[in-house]
Amino acid sequence: MEFFIAQVLNGLSLGSIYVLLVTGFNLMLLVAKIIQFAYPQFVVISMYATWAVLRATNNVILAILVTIVVSIFLNLLSEPIFRRITSIKGTDINATFVASIGLSMVLVEIMSHSLNQGFPISFSDNWVGGSVFRYGIINISRSSIFAWVGGIIVVVAFFYLLYRTMVGRLFRAIAENRHVAKLFGIPIFKTSIMSYLIAGLLGGFIALLLSMLIGTASPWLGESVALKVLAVSIVAGLGNLKGGLFVGLALGVVESVAIGYVAGSWSNVIAFVIMLIVILAKPKGLFGAAVE
Amino acid sequence: MNNNGTTFLKMNNVNVFYDSIQALKNISLEVAKSEFVVLIGANGAGKSTLLKSILNIQAPKGSINFKGKELTKLHTDEIVANGISIIPEGHLIFNSMSVLENLQLGTYHGKKKEQSIENIFGYFPILRERKEQTAGTLSGGEQQMLSIGRGLLSDPELILVDEPSLGLAPKIVNDIFDILVKLNNVGYTILLSEQNAKKSLEIADRAYVLETGNIVMEGQADDLLNDEEIKDAYLGGSI
Amino acid sequence: MVENNDILTVQNLSRHFGGVKALDNLNVNIYKNNIHGIIGPNGAGKTTFFNVVTGILEPTRGEIYFRNKRIDNLNVEEIAKMGISRTFQKGSIVEDMNVVNNVKAAMYLYNDINPIKDFFLRHFSISKREKDMREKALESLKFVGLEGYSNRWADDLMWVERQLLQLARAIVVNPNLIMLDEPASGMDSKETEWVKDIIKKINRRGITVIVISHDVNLVMDLCDRITAINFGTKLSEGKPGEIKNDPDLLEAYLGE
Amino acid sequence: AQDEVAVDTWEIHFLNSVTGPIASIGEYMSWSANYAAAKINEEGGIRGKPVEIVIHDTGVQPDKGIEEMSKIVDDVLVVMGPVPEAVIMAAVPLAVRNGLFCMTSSTSYEYTVEYFPWTLSWYPPTEEKLPPVTELWAEENPEMEKVVQFVEKWAAWPGMAGAHTIGLNNKNVKVIDVEVPKDAVEFSSLVVKALAEDPDGFVLTCNPDKAGKIIKELVNRGWEEKDNILVFSSADDTALYTTGGDALNGISIYNYIDPDSENERWLNFKQEYKEDHDGKNPGSLATNYYDSVYMIKEAIEEGKLTGDPAKLAEERIKIRDYCRNVENFKGIQITWSMNEGLPTSKPIFLFEIIDGEKQLIGKSR
Amino acid sequence: MSSTLMYFLGFSMTYILMAWSIYLPYRVKHLHFLAVATMAVTSYMGGILSVNFGWSFLPTLLLSIVIGALISYLISHTIGNAPTFTVVIVGITFVFIIKTAIENTDYLGGTIGLFGIPVLDHPLIILFAFLLVIGYFLYRIDHSRIGRAASVIFTDENLAKSMGIKPKQIGMLFQTISGGIAGSAGVFYAFFVGSLFPDFFTFHLIGTLMTILFIGGYTTMWGVIPAALILRGVPMILPSSIASWRLLIYGVLLVAIIATKPKGLITKKMLWELLKKRSGS
């Protein structure tokens, strides 16, 4: 029993990594209607920024600021590319998927060549934080609590932003149909920039949380989770923020518990088979797709 | 022409191209404040293109002046912010958003906000009932009503209306024309493009006739209504 | 089981979307070889009626008979196979194809055989059958007045041309029943006349036509019988002359 | 004359993995080769001509390996690499078919034996060489009865894990394997699984940065007997030290590099390596390609090779035969000999990490 | 022929074959990554049959086509008309299952890989001939009523159904054929490369095939040909000094092409206009 509880708690920590990333991924779907496969890479590069600043100055405030600025900068840099792709008539959303695969490759290469000579980075113990509760093999770390709270706040905040505010409506409007948005007199360029800016803000926030939760980063970190992030989004329902929260956590728990009872490499198989069954039963996702 | 001296909208020698196809040729047109002007012409004559060029959606060559501002240099959103709104052809709305959200988006440039959404519901009660429905599942006519309602919400001084009767039941068409007249009476300037020449000539002050991208005739609506040529070409057999 | 002279019989048909009753206990009989008009205000349920009859939507309740066979439990493909073809209000055509192939695509069931067998057998009859289909397609394009367009890419077509293409597609399969959703919307009076002529010609081939239109003149001129619906139920039904004077209809539809 | 050098520079092609998951290892192997070339050039080159290392990147993709090999297989004298195992398996047969000798040195015997004599091995067979190390470790920690081994199923690692187990079993230590998924980013569930077995120690046979993180997680969860943690050789990489940090202090690790070698070449090498790598020590495979370049140099000089394309086939054989039976080769650390592609004597060293530096505790043969 | 050229052509043709197996189901909006799992299965099967049982190439190929088609056919019962991303998840799941199964099976070489498969003597000729056959087959499908039906399904499923087209039937047919092609591609890969590695048949390959399909253009079967040639060719002509930046260049290229031509280098309309002009003049 203790073992099971410990694994569930571990799973929730792992799941909060997925939740955070899938929220960012879904945000891109909602505000720009793109499959942003490279989003996790943006987050990882931002983690490198956190690390670099912490190492150079040990100034927490500065680290937070720089992380967010870097993340925003990266997202803004990608805006013209995706704007171009999505504004051409008759393009498929899958084209953005492929473009972001390309982008992801570029970013991984830049990281593996230029950042810390391709070696992983590691955050200091006082940044990562130790455990706040321990009982036998059950352990809850400070960073997990941050991540859970952060994850929920992020999901709620973005839900509110997107569905209850004018800015959110503008984002979704442009994502759905640029042409009509233009007829409505919505400032396409400004709004689009703003949506990437907000996605960048979120990315910076996620980077900070992940740097505490994982404690390290490497050029491959983004790639190793990107596929699962995509899967979580699909199974929850593409663009469904609430769904992402539940399915992300659930995936973490399933994986952790599965690892507890079967050999490691099969845990992926188990997680994916469960997701497969869910998606076959509910082809539009467990919580319904928010994006067509 | 109830021109009170200041130019409101003035198009001068406007040409519009779709790649190599010239859709508008040397169009010069004027609309005075509070005027109700209608564009008539066959399919493909260039009516929609003309309206789009005013909003700089299809880039025009030439000059378009609105209240002293040169529109050709502005982006669409700036033009809308300056007080022109379009109710586009073919009920273009956001299909995946709710009716209410579509209307709320319409208020983006407007000042009166919620209060005028209530007005819209007053014009089109069915929209109130469908408030939470996804706009894409509305019937064709409901979508058109939504589109009109949304266009009014940006508090425009000049409303460009592109074939509002498309796909609407006669009763609704009448209603909509009534609404347009009402709006005109309270001071909105209206430039309407319409297939239904007779009806629109009846309610408009002035009219331009477009043929393959050229203005071939212009005049007071009443005069055109009685013009033999127009009768033949546009008023045809239809009542 | 209904035995009569109707080509289509609809009994107590309802279709609800959540709280919205798009169709509510609708009863309609369509006679063979008629041109039957459906009119009604926006949102009355006309398109929904088409969608339910053709199987795109399942009815919430009610029965539909086509040539005395019950079809409300069949799926779209089976219904299409029985000889019902239709057009869509939103001008659906395949944009990544040329015009003549759009029409050929509609002939999917033409000379229907199993697709795998079809594939292999085609090698021996390629040219003949393909030529055959092409001829039919061209013929129906000509029928609707698109003869010069066969070689155009479909995404270059204007609205009216798209509407006509839909018509060509609907008739090429020699259906028993054609259902037209606003075939003349967005057309000027000349073009509307043209569409009217086409519909009459179709009817003369012995094909029953159901047409939705807001154009009262078109409906009155064209139709043998008209059903007016509102809020998903029948408001009135009858010959154009009769229906013209129905006060309920005038109120609800024409606002007079 | 007959054996005049026919080239302006000796190009030595190196199929390396400088992008992808083992890019950091690839980096220091490239560094070593380039370092050796620079040294040779300082000393006057090979037969009077400078040498240049040409790196081909294959990532870890077999098809990329074949493609890169196909580019050079018709023209070059000898090739260094490819690495790692998957690429070796894919690309070496192509070289063999074309009579080209490959110095695929990063890996163990199992992957090269298939292609003898067209390749050589830098270490004796795994099952011969690794069990003694783990035996040594078990002797150092006699209280251990049961250990958990973290194994990542990739390339040669499962095989090495098997060899570790043999050694430990010989000393009556029970081994329970816990598999580490390749794409794992968070290790708490694995560590909980391992701890639930109530073990006395751990062996880590996985990617270095994962090893570091697992150790950290173990320490966070209160594991205190550090010398009961053993890290395998390939993980002796900067990545381990980066992610493991202070948590590594006290753990055991084994390696092929003799830290006490007083060889001047080695001391220079180590110093320059550190300068270029933020003060980190060279990893466990760093020396192999330094030695490769020098071995090629010797082969060319001994055989008076010319690099003349007309004599390509014959000179390729000469290099091959020289290298696989080289005698008393002066490596960067020790002098050793090859017998039919296998080294005759090369020790393995067992260390304890203290303040981020390795301290020798034993040596096995 | 130089080895460089031979491997360039051989890889390009193998990738064209693989990309076609992704292309066909995409005609009805199915990103059928199950094909990648199928390739893994048949390439390993081919490897085992030839290494351990001495099968020769041809029977192995035929069997693989059948097995590949069978796998896809069976699974197509559930995903023959599923939405795009459902098909994606199914594919990815099977990729994980197959990869994990191979890695845990010592008989198949585990994580080390399977090697020593006898390579073909004249791979280019055989591959080319096979490509011609498959190409003709796909061309026929595209120009038959099934191809037209697929275009209708791609546009609007309801429209298709109301023409009597059964999207599920077409979906199943395409997935099955895709499985057959993938089956053959697996065997060609095995007999061309001579060694197999479980990691090869994973997301990396999916990404490559998607890239080929979208760079080339997914509206026509011809797109993948220049795309495969470009993607295999660019690294060939890059000097080794920038070899380690290959993936970066590759990524930039990919982004640039998609951003300028999101429908790919070759579209159906483009080909058609080209043909029209030629026959017109």
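Labels A, B, C, D and E are assigned to the chains in the order they are written; within every chain, residues are numbered from 1.
By definition in this document, a residue touches a chain if its C-beta (ideal position, glycine included) is under 8 Å from a C-beta of that chain, and two chains touch if they have at least 3 such contacts.
Everything numeric here is computed off the predicted structure, so don't read it as measured data.
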Centroid-based (C-alpha) most distant chain relative to subunit B: D
A-B or A-D, whichever has more C-beta pairs in contact: A-D
Distance between chain centroids, defined by C-alpha means - subunit A, subunit C (Å): 48
Distance from subunit D to subunit C - Cα centre to Cα centre, in angstrom: 74
Geometric centre distance via CA averages, subunit E-subunit D, whole Å: 36
Touching two or more other chains - residue numbers and ranges from subunit C: 95, 155
Overlap residues in subunit B, where contacts from two or more other chains coincide: none
Multi-chain contact residues (two or more partners), subunit A: 90, 109, 113, 263, 265, 268
Subunit D-facing residues of subunit A, complex: 3, 6-7, 10-11, 13-14, 17, 109, 112-113, 117-122, 125, 130-131, 134, 137, 139, 141, 213-216, 218-221, 224-225, 255-257, 259-260, 263-265, 267-268
Complex contacts: residues of subunit C adjacent to subunit E: 54-56, 75-77, 80-81, 85-86, 88, 92-98, 101, 104-110, 112, 115-116, 118-119, 122-123, 133, 151, 153, 155, 169, 173
Complex interface listing, subunit C residues touching subunit B: 17, 20, 39-47, 89-90, 158-160, 182, 185-193, 214, 216-217, 252-255
Subunit D to subunit A touching residues, read off their complex: 19-21, 23-24, 27, 153, 178-186, 188-190, 192-193, 195-196, 209, 212-213, 216, 220-222, 238-239, 242-243, 245-246, 277-278
Complex interface listing, subunit A residues touching subunit B: 166, 169-170, 172-173, 176-177, 179-180, 182-190, 291-292
